[in-house]
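In what comes next, chain A is part of two complexes: it sits with chain B in the first one and with chain C in the second one.
Right, the complex of A and B next:
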């Protein structure tokens, strides 16, 4: 499976999905002009990857500075895919990185984690 | 196929519509679907709750930012106002300083009593005019004017009237010369007029006119009408002559006028 590497832009985050090692990351700001165009291929690739039931640990690092509401929905879809994969037997974890002064990002991470049934969602404070 | 954020939700709705469209329904099938539907609905509702919280929080932040900006804008406006006031003060201070400087400049260059050029400034002008002649080769004349028997006015009417007489004299002479002529007080009752671009013949006419004006327009003072006359000596600049030498010759001509009975013009 081909890895996904997207360089950050003013309105979109950096995406780095290394499917061979199972290290996936999304970092930066997300308020794309068209959420479907940006997150569509990312979600599709993640879906395909998780369907292969990878036998290594899948670690997803998320470090957002800002995201708009539709990007929040896209993130929830990503977490949902991960949650379902764990239910199906994949070893996966999401690590939500937030700046120690950024109460809002901390709260948003906590909100996201509430909806998940199987996936472990770790809060990681950054100095 | 185009991706949508709500693919899953749409799929459930499609399934429901298909089920409803069926003529006959298996209750088992309906129960199974309902389980899936409720699950999806619960998720939908949880996501909605989460999104609303996120939106509210962002809106709150926007409002806070807006309030902070308003406060900052207010502060900036006040600062701008203060700066403007400071600027205005500064501008008026500069204007006041300019006025003082102008006054000082005038004081440095003018005779305190009569306000005509003082000796120092007059001699500077003379040097300038002499240099100019070297370039332009135009004629230049100098007049020395000395008020006749000025000591008598002082002795007879007092120094205040003497001062009045000096001021009156400069007013009369000033009204009889051109803008380009330079009028200065050389000391006591002795004055000089530089006449640029003026030949000795023209200078003679001017001097005679000034002499006559001074004679005709006596000083009207509290002590009565006082007749004033003036003796004038003229000299025209010679080729290569210095300003100093020119003054000396005009001065000598003025003494000749004194010797010849005062109230007259002599030319060197």
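Right, the complex of A and C next:
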């Protein structure tokens, strides 16, 4: 299936989903004008990809500076899809990158990871 | 007379430590433009980057609440990216703290729900707010643009004191609603 490459804008993050290698990343800021217009296609593509039960490791790197509360919901939906895929037998990991001085992003990482039952959610501190 | 009256207006702003105030219809475009000014101004004043993030976050959630829930709205009301809601938003610095406040008209029904939600939030400490947020985060949502309870919890989490709020009944179905967060 087709990879997703979205360049960052002032209020939307860079999205790079390489479905061939299983390396997925979202980086930057997220407070889009319309959350479902931005995240809807990303969620749909991820869902389709995970349904194919990829036989390679899926590694998702997330490195956010800021996101609003509606984008938090969208991110949670992404992690829930990943969690369900792992339950169904896919090998996947999310790496949550945060700046060591950014207590908000550190807390958010912990908040997201709390409810995930199968997915490995790694906290990665950046110096 | 013109200069005197506008100078009084400026003095009112200076006394309240107002960084900027806006009243009128608010769109996603206005949100972005004012947010950009806010970030640049706070950065140039060398405010703590984590504090800037907190102020910005409260600002965004409050502006989006006005766009979504103001009873005075024009544009395409089905699409949040193309909708305008009337409101007042003020960002300031007073007694060594930043504040973001807003005011807009909401329906009586919305006001009742807001009051209940804000009263609940006022009672919660930092860790309780965090677990409340986590609980709401995992709730399934059908429409990501409709917003959720998360916005006000986010504001409460970023605030250094309980959120202040007030309501003024205007008529049977209209309530002027104000909220102020200190960061």
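Everything below uses one rule, namely that the second predicted complex is superposed on the first by the 127 of 127 C-alpha atoms of A that agree within 3 Å, B and C clash if a C-alpha of one lies under 4 Å from a C-alpha of the other, contacts with A are read in each partner's own complex, and residues count from 1 in each chain.
The definition used in the following text is that a residue touches a chain if its C-beta (ideal position, glycine included) is under 8 Å from a C-beta of that chain, and two chains touch if they have at least 3 such contacts.
No experiment lies behind these values; they were computed from the predicted model shown.
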item	value
Room on chain A for both chain B and chain C (clash or fit)	clash
Touched partner set for A:11, first chain B, second chain C, both or neither	second
Touching partner for A:91 - first (chain B), second (chain C), both, neither	neither
Partner chain in contact with A:3 - chain B first, chain C second, else both or neither	neither
Partner with the higher number of touched chain A residues, chain C or chain B	C
Chain B versus chain C as contact partner of A:44, first or second or both or neither	first
Which of chain B and chain C A:25 touches, first, second, both or neither	neither
Partner chain in contact with A:34 - chain B first, chain C second, else both or neither	second
Which superposed partner A:106 touches (first chain B, second chain C, both, neither)	neither
Touching both chain B and chain C, residues of chain A	35-36, 39-40, 68-70, 72-74, 76-77, 80, 104, 107, 111-112, 114-115
Complex contacts: residues of chain A adjacent to chain B	35-36, 39-41, 43-44, 68-70, 72-74, 76-77, 80, 104, 107-108, 111-112, 114-115
Touching residues (chain side chain A, partner chain C) in the complex	10-11, 31, 33-37, 39-40, 66, 68-70, 72-74, 76-77, 80, 101-104, 107, 111-112, 114-115
Chain A partner contacts - residues on chain C that touch it in the complex	28, 32, 36, 49-50, 53-54, 56-57, 60-61, 64, 79-81, 130, 133-134, 137-138, 141, 143-145, 147-148, 150-151, 153-154, 158
Of chain B, residues touching chain A in the complex	2-5, 8, 43, 46-47, 50-51, 53-55, 57-58, 61
